[in-house]
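Per-chain numbering from 1; labels A, B, C, D, E and F assigned in written order.
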Amino acid sequence: MHESEDLLVIIRHAPHNSNWLREGLDAALVGAAFGQSVRLLFMGQGALALCREQQAGAPGQKASLPTIDMLEMYDIDQLNVPQRVLDDLKLPLDALVDGVTPLSEEQVKALFSQNRPILNF
Amino acid sequence: MHESEDLLVIIRHAPHNSNWLREGLDAALVGAAFGQSVRLLFMGQGALALCREQQAGAPGQKASLPTIDMLEMYDIDQLNVPQRVLDDLKLPLDALVDGVTPLSEEQVKALFSQNRPILNF
Amino acid sequence: MNYGLLVMGAPYSQPAPHSALRFAHAVLARGHQLAGVFFYHDGVHNASMLMTPPQDELNLREAWKALHKDHNVALDVCIAAALRRGVISQSEASRHGHDAFNLEAPFELTGLGQLLTLQQRCDRLITFAS
Amino acid sequence: MNYGLLVMGAPYSQPAPHSALRFAHAVLARGHQLAGVFFYHDGVHNASMLMTPPQDELNLREAWKALHKDHNVALDVCIAAALRRGVISQSEASRHGHDAFNLEAPFELTGLGQLLTLQQRCDRLITFAS
Amino acid sequence: MILHILTTPPTHEAAQQVEQAIQAGDTLLLTEAGVMAALNPDLHCWTQNDYAVFLLEEDLVARGLSSIAATHGLAAVDMEGFVALTEQHAQSVTWY
Amino acid sequence: MILHILTTPPTHEAAQQVEQAIQAGDTLLLTEAGVMAALNPDLHCWTQNDYAVFLLEEDLVARGLSSIAATHGLAAVDMEGFVALTEQHAQSVTWY
């Protein structure tokens, strides 16, 4: 049994490229609905999930931004992204939705603790 | 309608990682069975398809080396790999099956001609 | 011109079929012919009758079916790629001892040779894969 | 110890389920318990009764079924991920107006909450994805 | 002349592979995840002069990268423009 | 201590991501396509001393890379060893 550290859900896939993003966010929402405190870490292309101007895609590809907007209703207010990811992608912070907190390399590593359940999408 | 240049089939996926390798080789074999002259170009991880020591994988993952060995029976004897791929992967030529021809950067580009049908796997 | 499409991604999991569908309509809108779509690799899942997306999302199989109905586009599915992925017609299902099936017309299970034929008879073969 | 597995790849297309199956047997061989396997993302295709690999290849669904029979391992499939990919049980099929279905016991369609429950009640949750 | 269609981000192996295949006079069309290249105007594809490069507008818009691409002055085509490019090139290769 | 499982080649984005997450004392297990790292003994994971790295033997064998890994003196575990690693680490993360 785990101690009651919060669930860390890692999102590494961009909108529209696969169903990974949506299915990762679903896992975060269900964790929150189960009463877990959920922290989200966006790595790599996952940071694109936070772009404020994203929309629906080609026919059949629903927008994922409404799910991002829904997170706060589930008390998921920890939206973290490594500063290094923003630098590597050349993604300006002001292109992202509000409430995103960039993390230093040490802060990222500190999220990985053996007592914390982790789901990596 | 295309002129009768040979079919170029590009293989870019390694054994056991997906079904891309097998399905790409199948396309080459069917092209040959249809009377097309087929040339194979192995790029990126696809070069691993040529490793002479490869075997079957975990349960349910069949070996693909027998298919490589079968190519010659279908008169597919042009097994090309960019020299740069071998360099990048640090893959020694003597770890590969017989009959592989490394190509220079110019030779690789020359394979791409608008009159040649291409299938990219 | 006469076009053919090769689609190698599964609906909802990969953008390839969604892009391909939109491209298909744009090809027709520009006055070209679309001879056929060949589904290979994970693209065979486009043909599944059991695909059940949420009600507010487009059912891609129905969209391909409409393309066939309205523009007579052939919808060919590689039989070897389909069977190993659990996409199967009634006749193949009974041949392999299954009670159910999930592929029916206008989708047709065919050999890979059909792809090479499509490539030869079309002016353009465009691949959609992600 | 008590183990749970999360499998997120399709048979034959991704190595993840093949690795997971072999890991499952090794876990049991070392005297551990295997409480359950949760199939998510493209892993839902592991449950398809219509999967028809060539005769000289292992049928992965049958291998999972044997694991359930011999070691009482629960085989849970995420319902939302499964339905959009065309993997569906008899009751869900009739609810959605399909004449056929391709998932039956010992595989069970369940909610994603089952994954979080598995993670909480197991000492180890190991993810297989490629 | 060949139309190369790239559906992966610039960090993906396929982006290096297209560089090995593309020749002067060819055209490169970035679609799906390929439009992530719009974030970085220093990438080789934007700084070279051997071949034309276009982004697919609908994929830029879907990912919220349309205004960034415009800021960087990068050329985009819509789906009709994609079809036009296939008309102009006898052969196409998709890299994924 | 966390067991990190990497299933992609060293060129894949996931290989960079695991480097951002892994800490001194953790363990890295390379499985599936991850065993391609055996070809290049100059990779960071082989030259650092902060964490232990293992290759999964069955995936090396399947890809014909077993003797190359042995030549480079790289450590491999079998499937039972994989289970043993999960026993020793309370938490695991798979990078794919």
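By definition in this document, a contact is a pair of C-beta atoms (placed from the backbone, for glycine too) under 8 Å apart; a residue touches a chain by one contact, two chains touch by 3 or more.
Keep in mind that this is a model prediction, so the values were computed, not measured.
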Q | Graph separation of chain D and chain E (steps between touching chains) | A | 2
Q. Between copies chain C and chain D, are the contact residues mostly the same numbers or mostly different, with half as the line?
A. same
Q. Which chain has its C-alpha centre farthest away from the C-alpha centre of chain A?
A. B
Q) chain A to chain E: how many Å between their CA centres? A) 27
Q) Roughly how many whole angstrom separate the Cα centroids of chain E and chain F? A) 34
Q) Just curious, how far off is chain F from chain C if you go by their C-alpha centres, in Å? A) 39
**Q.** Centroid spacing, where centroids are CA-atom means, of chain A and chain F in whole angstrom
**A.** 26
(Q) Where in chain F do residues touch two or more of the other chains? (A) 13, 32-33, 58-59, 90, 93-94, 96
Q: Mark out which residues of chain C touch at least two other chains, giving numbers and ranges.
A: 11-13, 15, 19, 22, 41, 53, 57, 84, 123, 125, 127, 130
**Q.** Residues of chain B touching at least two other chains
**A.** 16-17, 19, 45, 57-58, 61, 117, 120
Q. Can you name the residues of chain A that touch chain D in the complex?
A. 1-2, 7, 19-20, 23, 26-27, 30-31, 33-34, 36, 117, 119-120
Q | Touching residues on chain D, where the partner in the complex is chain F | A | 1, 3, 8, 15-16, 19, 22-23, 26-27, 29-30, 32, 123-130
**Q.** Complex contacts: residues of chain E adjacent to chain A
**A.** 9, 32-33, 36, 39-40, 58-59, 61-68
**Q.** Partner chain F, residues of chain A touching it in the complex
**A.** 10, 12, 43-45, 82, 84, 105, 108-109, 111-118, 120
Q | chain A-touching residues of chain F, taken from the complex the two chains share | A | 1-2, 13-14, 16-17, 20-23, 89-91, 93-96
